[in-house]
């Protein structure tokens, strides 16, 4: 079986500093894979390498067998690699419906139409409703994004990504900053992710990681410390030493 | 109807709602049409307002939708003016054909210079647009053999409009022509901003990072909208030359671009009518102030700019409405 | 031609003194201030009034021009500018254009629109030869004064306590606040000094560049070029940019009078395309 | 609704033509009201001093001569164009269409005058040019009459005079726009015709703040004299830098047109202007009873402001218009007014002047003057006169 996402010996240097050190990760299709590691472990650099913000110093990235190491950002999205952001990157003046509608239009290749009204194509409306229903955003679909509660904005962040029709989804700390009371919504949102989408989750919230992931990779100082099932990771003394014992401050 | 079908109907309606023609819009254009019959003495002024409004609309596409701060938009306006004048002088006397030619040429200039504004910060963009404006003005000045230099482009004599109507000294034909062109361009712009492409341009302004993350090529969108806006500005300039039969270097001046920004701020950005309404209000204010203190009206324009920023546009524009509500509430 | 080089350097130095305040306010407060030239104009007019009407000696008028412009700058910073720091660049542009318009018509109203000049002391109007290069005394004076100022500024930013706070505040205002630096005070002082320097530049330049109410618009582009090309990180960039601009402008007009007006703009566009953050700018902010 | 509008508009067009025809018919009926003069001046912007001077002179003329001529009340409608040509054009058009003015006057700069020329022709309204000085203007419409000056007129006078003063080699330095090029071309032509040699012709961009590099070229070329034209206002900077560069000490003489040593600004420019020789049609110190009366009345009415050449041009413009109203008995249409303006001659504060019947351009004495301090003030002291100079450019090429 071909891997959904695979990195081989990925290295990124900034001058003398090695931010990503020989990272090889393989995600099977439909996997729920989590990436954890203390601050400064190189998680952000890795996600930037995967999405094309940075180019690797050496090593390769492939998506369903296609080498995307040098592909542009929008090309990667077109191939099905989509991300969310740790800090919300939304359109504050758009409504959730408009936001998702635009993403769906793009997915359907309708975004270059200049003289057809957005939503005049029924597939766009249906696609948008699918996503909004899935993440329980129908009730707020016509409110400006900036006025939504933070939890809903976080959900929208994921919803937009799903609206792009990803085959592989990178979730960058989806629960970051979400107040305790709205955490349940996020958990429900993650549970509602389509089963055929491969997910790489980067998260500090260990509770969430262990409930969600079936595989976990631990990143320390730019390199991969170990990879295994949640149980294996939880029991590994090295992980406890470098990370779990420190989780409260991570 | 199932819940899902209801949801789809609701979403479909909500998406259609944003681009629905509102009664106020119909009133606006009916008023514009009525002005043609009811204000024959104001046709010259109204033509100028409309042309300025169209010019402001083109800046709105760049600024209000694309989020690019430009201080040199007059470059395209001026280029359009000269292009239209030169086309007329060198054989393309049909006004509509000339306008089409101008749109293509200015669009090409916009396309070529759009790559300059893609890079860098707001300051860089301001500098580059400002410089392009100065350079265009200087070019027009230098190429006096072609443009007439500082004396302006003389002897522009457009042919009959549609082969039938001569541009008369009262500005009747000029106003009718300007009104028609402005209306057509407005309708096209309106369709454009409500299209998926238009939304993707707005998205770039709202959040470029997210826009690229959903796979929309940000730079290409900006290039297209910049090119389109340049063509619009060029057409506005072309209209000015055709209706006044004249073009001058002042068209490129910094004041034009600065006034234009003020117009857009008065009228509001990002809903297309801002330019047209702003141009009208600006002209009225300019006339009113010029009647009181002809030499120092610039001071009041400056004060207006400062107040708009410090007090906030909403509060100033909303003031009449607020007073009205207060009065009505009391009555 | 060494005389041209000399003239270009004098011109560039003048531009540097006028524009350096702008570069700091841009770097520090992320403020695009198109009204910077208005402070230079204020300094110029203060000098003209002091010297021509009140008979104050030229050398006494220069520091007074600095103080007056700095006070105007401080007053405006505290009352108006402080409200626009957090606004968008577009609003800052509009706001400062508005200020320029008000300053211009204010001066026209009170002092008239004609060009004015400072009556210089006689010995500054001399001209002499240095190693065969013909040199104007006033231009030499400008180079010396501005050179000393540039050195002093460099020292102040690099070595003094205030300078280190300034650099900290430029790098990261949030962190600087956390370290107990009164960022507001740093802003205000910097703005005032920047305005004062612009005023001093205006006072020095009135004679060379001509002073009339359209001064802020005429030279706005030049100031912005200095900042945009030089970058807003520190004093070296703007200084080099100003000198480049001065020399390029003067020699362009000398050797290629037909294209003199194009050179600086083309140069600037090329530099900004090559390095959008300016010659000495930081990679990103 | 929106979709219907385009179909409505062509119908609006034909109605427009109808409206226009109606208005055109109603025009002559307005002729019995006051005689309206549309005065368009740059009251704001960089050329505002021109507007200020002419406006003051027009007011003075009307207070001296009254506002009733040949039984008609004369009314001046003053409009500001800020020195922007398309505004000038629109304002002129409005004055003709809405206010039914009988005469258009003013026009501070060449492009402003040129932009209005087609309107004068189309509406058959006389257009009295009171400032703009490029030769070609009067050829652009048979309704244009000029009472100011032309640059070929003064600069060719200077060229001829200079060649007779032991000045053999000259560098010219002009502002790079229409009038500047006119000045350059006609000075060179006259100077060369009289045996002189032009070493270099420099053109300075109008927006140029620094003359230094251009002056350096002058120094390096070592001519006997440098001939200068700058629009009034720029002259001061130029002379400052001329002195500052030490050109006066190198023996290079400074000659130019009267615009450089504008009477209005001469005192502010200071002693550096002493000895500068210019050619011009008017000096505030012109010795004639007409001028003495004019200057003192002008100063009295304008808080001591000294009249410059622009003021006299405006004053004479009103003279031409008043004369034309008188000669046509207050009943003449545009063509009749222009017809009587052609060939008009009178004694102006600047000396004897006339309107050339063939070209409708001014014929006047051009004086060679030198800046000198008289009674504590700086003046352009006239010391040589070229009698009744016509514009040499009409019908000729430089």
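Just so it is clear, A, B, C and D label the chains in written order, and each chain counts residues from 1 on its own.
In the analysis below, contacts are C-beta pairs under 8 Å (C-beta built on N, C-alpha and C of every residue); 3 or more make two chains touch, one makes a residue touch a chain.
These figures come from a predicted structure and were not determined experimentally.
**Student:** What is the set of chains touching both subunit A and subunit D?
**Tutor:** Common neighbours, subunit A/subunit D: B.
**Student:** Using only alpha carbons, which chain's centroid is the nearest to the whole structure's centroid?
**Tutor:** Answer for the innermost chain: B.
**Student:** In terms of C-beta pairs in contact, which of A-B and C-D ranks higher?
**Tutor:** Higher contact count goes to A-B.
**Student:** Farthest from subunit C by Cα centre, which chain is it? Let me know.
**Tutor:** A
**Student:** Averaging over Cα atoms per chain, report the distance between subunit A and subunit B in Å.
**Tutor:** 41
**Student:** What is the distance, in whole Å, between the centres of subunit B and subunit D, each centre taken as the mean of its C-alpha atoms?
**Tutor:** 36
**Student:** Taking the mean of the CA coordinates per chain, how far is subunit A from subunit C in Å?
**Tutor:** 48
**Student:** Mind pulling the subunit C residues that touch 2 or more other chains?
**Tutor:** Each of 108, 258, 261 in subunit C touches at least two other chains.
**Student:** Residue numbers in subunit D touching 2 or more other chains?
**Tutor:** 48, 205
**Student:** Once you've mapped the touching chain pairs, tell me: line, ring, star, complete or other?
**Tutor:** Graph shape here is other: it fits none of the named patterns.
**Student:** For this entry, which pairs of chains touch?
**Tutor:** So the chains that touch one another pair up as A-B, B-C, B-D, C-D.
**Student:** In their complex, what parts of subunit D are in touch with subunit C?
**Tutor:** Listed in rising order, the residues are 46, 48-49, 202-205, 207-210, 212-214, 216-217, 219-220, 233-234, 236-237, 240-241, 243-246, 249, 264-265, 268-270.
**Student:** Considering only the defined contacts, which subunit C positions touch subunit B in the complex?
**Tutor:** Residue positions touching the partner: 26, 32, 80, 83-84, 87, 89-95, 97-106, 108-109, 217, 220-221, 224-225, 227-228, 258, 261-262, 265-266, 268-269, 272-273, 276-277, 285.
**Student:** For a test of understanding, state which residues of subunit C touch subunit D in their complex under the given definition.
**Tutor:** Interface residues on subunit C, with respect to subunit D: 1, 3-4, 7, 11, 108, 113-117, 119, 125, 127, 134, 136, 138, 207-210, 212, 214, 218-219, 249-254, 257-258, 260-261.
**Student:** Could you pull out which subunit B residues touch subunit A in their complex?
**Tutor:** My answer: residues 4, 7-8, 10-12, 14-16, 18-19, 188, 191-192, 194-200, 202-203, 206-207, 209-210, 212-217.
**Student:** For subunit B, which residues are in contact with subunit D within the complex?
**Tutor:** My answer: residues 21, 25-26, 29, 33, 36-37, 40-41, 44-45, 48, 138, 141, 144, 149-152, 154, 165, 168-173, 175-176, 179-180, 183-184, 187, 240, 244-251, 290, 294-295, 297-298.
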